[in-house]
Amino acid sequence: MSAFDPAELMTVAAARELRDGQSVLVGVGRPSHAAILAKRTHSPGLILVYESGTIDTDPENIPLSIGDPELAATSVSTVSLPDIFNYWLQPGRIDAGFLGAAQIDRHGNLNTTVIGGYDHPKVRLPGAGGAPEIARSCSEIVVTLPHSKRTFVEGLDFTTSLCRGEGGSMAVVTDLAVLRTSDRHDELELTETFPGVSVEDVLEATSWELKVAPEVSTVAEPSDRELEVLRSLGSKPKAVR
Amino acid sequence: MFLPLDQAIGDLLNDGDSVAFEGFTHLIPFAAGQETIRQGKRNLELIRMTPDLIYDQLIGAGCARRLVFSYGGNPGVGSLHRFRDAIEHDWPAPLELEEHSHAGMVNRYVAGAAGLPFAVLRGYAGTDLPQHVEVAEIECPFTGERLSAVPAIRPDLTVIHAQQADRRGNVQLWGIPGVQKEAVLAADRSLVTVEELVDEIELKPGGVVIPHWAVTAISHVPGGAQPSYTDGYTTRNNDFYREWDEISRDRDRFLRWLAAEGLADKAEVAR
Amino acid sequence: MFLPLDQAIGDLLNDGDSVAFEGFTHLIPFAAGQETIRQGKRNLELIRMTPDLIYDQLIGAGCARRLVFSYGGNPGVGSLHRFRDAIEHDWPAPLELEEHSHAGMVNRYVAGAAGLPFAVLRGYAGTDLPQHVEVAEIECPFTGERLSAVPAIRPDLTVIHAQQADRRGNVQLWGIPGVQKEAVLAADRSLVTVEELVDEIELKPGGVVIPHWAVTAISHVPGGAQPSYTDGYTTRNNDFYREWDEISRDRDRFLRWLAAEGLADKAEVAR
Amino acid sequence: MSAFDPAELMTVAAARELRDGQSVLVGVGRPSHAAILAKRTHSPGLILVYESGTIDTDPENIPLSIGDPELAATSVSTVSLPDIFNYWLQPGRIDAGFLGAAQIDRHGNLNTTVIGGYDHPKVRLPGAGGAPEIARSCSEIVVTLPHSKRTFVEGLDFTTSLCRGEGGSMAVVTDLAVLRTSDRHDELELTETFPGVSVEDVLEATSWELKVAPEVSTVAEPSDRELEVLRSLGSKPKAVR
C-alpha cells in the first residue's frame, strides 16, 4: 500500500460510489477525476455525461472545462443544452450526479451561491449552474467537499440545491468521512470514517449534532492500482473545492 | 449583412441594450465582447448562462448595469474576480443580478426562440432562487402537478461565434452547440462572427445551420473565440484561463491589462 | 438488446398497448408494422402524426382500437381508404379518434421526452379541435396571455426505423429526422429496426444519435422502411403509394392483398 | 399567348402571390407547383420551407411527398419537427403559407376535417396536419380550392383552421377568381376574376352573399414563360384539391 493524502482518498472514495453501467453527470475538478478513475478501474461501462452536452465521452486527459474539445471528440453524441437538460437530465435518464458545495446542511441541501447575505455577500460564489436540476433529477448524488464547521453548517446562507430525499440517495464524501442519507430519518448520517479518523473527529468538524449509523466502518485505503491510475490522470484536484 | 466587427457592434449594440454573448464552454465570442469594451458601451444588460472571462472583462470595464446568468465561475480555475468585486463591492459600479439555474436559462432561451412568453420545467421549488428572481408556480391542467415557469428571454441583440458563413449569410457551427441557435432566434437582432467565409455551406457531422434570414449581420473574425476555442480552427488557451485568475484578482492589474490590450484606460472605466 | 423482428414485436408489444410507429415521410417502420399485423395484435392504441399507409394497413387488418394522429392522408395521392372506412363505417371495427394538429402532436412528444406532463403552444383556440380532444387553455403567469396546453404522450412502445446501430446499441439516423428521437424518449419501451449494423457509429452530417441506454431493442431489418425510404439506403416507392389507392379502396381487394402478403387472412381480420 | 386550362391559371395566379425574398411554407400538389414556378420565374430568392423540416430547399423535380429525399438533399438545413413547428413556424419566421381546404367560409376559415358530423362523417378528410398553425403563424396565406357552392359554404362542417385576420392577409385562388381579405370588414371579397368569368359567375358559385371589391380586375393570362416552366414541372396537380 503506497502512501496517499486525504485528498486522494477522497477522490478514490467518490469513484467507488459509481457502478458499472450507470450514467453519471460529471463536472470538472474532482468529479472528473473520480468518474474517469472509476471507468478505468471497476466500472469500464460507466457512461460519462457532461452538462456541456457531451454524452458517453471517454477523455484521455482530464478536462479543464466541461467544454474541452476532447470531450466532444470522444463522445458518442454531442447535443445542445436544451437537449441535455430537458431530454436527458430532467426525465431522470442520468443515474448519478456529482456536486460540490461551499456549505451543506444536515438534510443534504447545498449552497453554492453566497456566503453572507445575497446582496453584497461576504463571498460571492459561482451560483447554481446545473446543480439544482442534477440534485433533483439523478437518483444517486455524490457530493464532495472538505469537512469543517465552516462547510457543514447548521443553516445554509442560501439554499441552492435541495437533497432529493425519497426515491434517491446521497453520499457525501469529505476528507474525513463518508455520510449518507438514510431510510430511518431525513438527515445525513456518518457511515464510514477515513483511516485514522475517529467518529469524534468527524462530529467535531460538523456544526450540527451529526447522526451516526449503527455501524461505522473504515474506508479502505486506496489500492495501488487506484493510486496509479489516479496519479496518471495529472492535474490533481485541489483538496478544497 | 457582412460588416467589419467594429461597424457591426457600432450599428447593432446601443447603450442600455440587453445583449447575450452566448457560447457554452466553446465558441465564446470574445472578439465581439472586447470590441464592445473598446467602444465604451454602457448600461448593458448582459445575458449569458456562464459569464466566464468575457463578462468578467465587460463587467470590470464598466459596461454592465445588470447581469442575467446561471453560473459565474472561471471553469476549472475558480472565481471570476471582477464579477465578485462588482457584486461584493460595487466596483466599478453596482451590478444588478437576475440569477437562474442552467435549466431555467436554457428554457428561457427556448421560449424566446419559440415565440412563447414562458417555459415550464421541473426545478426551483424549495430553493432560495425564486426569492430573488422571477419564477412562478404553474399547475398542469391535466394532472394537477405543480411545476415551475420561467419567463422567455428576448435579448435586443445576440452575439455568437461560428465556424462558417456562406455568401448568402447562412451560418454553420459544429462541436459543442450549446444554446446558440436558441439565443439567436430569441433575439431581436443577431450578430455572428465567423472563422471562415465559404461559397456554400457543406453540412458537417454535428453541424447546426442558422439560415440567413434569421441573422442580422456577419463579421469575418478569424480567431474570434480566443482564448475560448473553435472546434476545427483554434484550441482553447487553458493557460490564459489560469492566468486570468492573477490578472483579474487585483483592480490595478486588471486596469493595466485593459490598457495594454487597447480596450480602455482607467479614466474610461471610472466614467 | 439485439433481437429478430418477430421476437422483438412478440416480446415488446402486447395487445391493448399504446404504440407509436413514428417516422415523418421518411424512415417509416413498415416492416415492424407488418410484423404486428402478422402476429395478429389487437386493441392497439396507434399513435402517429401521419397514419400513412402503415396505419391504413394496421387499421384495415383490425389491429387498432384507437388512433391518435394529426393528418390521415396518402401524401400527394389522396385518401387513406381503410382509415376512412373504419371511421365512416366502423369496418372492420369502430375506431376511436384522438385528433390533434401537427404542432400539438409534436409538442406532446416533446413533453413526453422531457418528462413533463404537458406542453404549451399557440394554437387550437377558435378551432373545433378542442371539442373533441383534450386541450386546455393556460395563462402565462408573467404576461397573462392565454395559450394552449396539450398533455404529454407516453407510448408503451415506440418503434422507429434508422440507418445504423453499433455493437453497443447506439443508433444513428440522418436525413429528415422528424420527431423520432422525441418519440423514443417519450416511450416506456422502444424498438429500432435498422438497415445496417456497424462496429462503431461514425457521426454523419445531419446525424441524430440515440444512445444505447435509451433503446430497449434493436432488430436488423434491411429495407425495413419500404415503401417509405431510408436516406442513403433505399428510395421511396412512389408507385406503391399510388397503387395503394387502388388496393385499399375496396375491402375485398385489400383482404386479398393482406393474404397475398402473408399478413392475415379474412377470418383473422373479422375476428 | 398559348392555350391554357383554368387549373393552370389557378397555379400561375397562386404563384404570383409570392414575392422575391419571402419564405414560404409549401405543401405537396398545387402549392409545390406554384412555389417552384414562382422561384423559377419572378422570385428566384424565394425560400421554400416544407413542414417535414427541409428549410430553403430547391428541388429539381416536383415532390410527391413533403418528405421526398430530394427536398432534404437540396435544403440548406433539415431540422426536426419540434424545430420547424416551434422555432420557425410558431414565432412567425415564415412569411407565407399555402393551404388547401374542402370548405371555406366567408371569413376565410377552413375545413379539412370532415364533411358531415364528426362521428361517422359522410366524408372523413385527412384532418388538421399543420394547417391551423400555418394559418395562424404566417402573415400571408394563399388558399387554393375549386370554386363551387359545395366548397364555398355558409357554415363549415368543422372549423379546422382560422383565418388570422388582423396583421395578416389571405388570398383565395380558385378556378374562377381571386378573393382577398380586406381592411374594410372581416369577410373575403372578390377582387379579380379569371378571363371569361363574370362577377355573376363567381357569386353564383358561392353559397353566401359574397362581398365584391369596388374595382374587380381580370387575372392576366399565363405568359408563355409561366406556362413553359409550369408544364416542365410535370405531374400536373389535379384541378380539385
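Order of writing sets the chain letters: A, B, C and D. Residues in each chain are counted from 1.
Note that a contact is a pair of C-beta atoms (placed from the backbone, for glycine too) under 8 Å apart; a residue touches a chain by one contact, two chains touch by 3 or more.
What you are looking at is a predicted structure, and each value in this text was computed from that prediction instead of being measured.
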Which chain pair shares more contacting C-beta pairs: A-B, or B-D?
-> A-B
What is the chain whose Cα centre is as far as it gets from that of chain A?
-> D
Taking each chain's mean CA coordinate, chain B and chain D are separated, in whole Å, by 41
Approximately how many whole Å separate the CA-defined centres of chain A and chain D?
-> 58
Euclidean distance of C-alpha centroids - chain A vs chain B, Å | 28
Where does chain A touch two or more other chains at once, residue-wise?
-> 86, 90
Shared interface positions of chain B, touching two or more other chains | 115-116, 121-122, 181-182, 203, 206
Chain touch graph shape: choose line, ring, star, complete or other and state it.
-> other
Each pair of chains that touches is included here, namely A-B, A-C, B-C, B-D, C-D
Residues of chain B defined as touching chain C within the complex | 115-122, 134, 136-138, 140-143, 145, 147, 149, 151, 202-207
Where on chain C is chain D touching in the complex?
-> 24-26, 49-50, 69-73, 75-77, 79-80, 83-84, 87-90, 99-103, 106-107, 109-110, 121-129, 131-132, 175-179, 181-182, 206, 208, 229, 231, 235-236, 238, 241
For chain A, which residues count as touching chain B in their complex?
-> 28-29, 51-54, 63-69, 71-72, 78-82, 85-86, 89-90, 113, 118, 120-124, 126-133, 136-137, 158-162
Which residues of chain C touch chain A in their complex?
-> 113-116, 170, 181-182, 185, 201, 203, 209, 211, 213-214
Quick one: in the complex, what on chain D touches chain B?
-> 23, 47, 55-56, 76-77, 86-87, 90-93
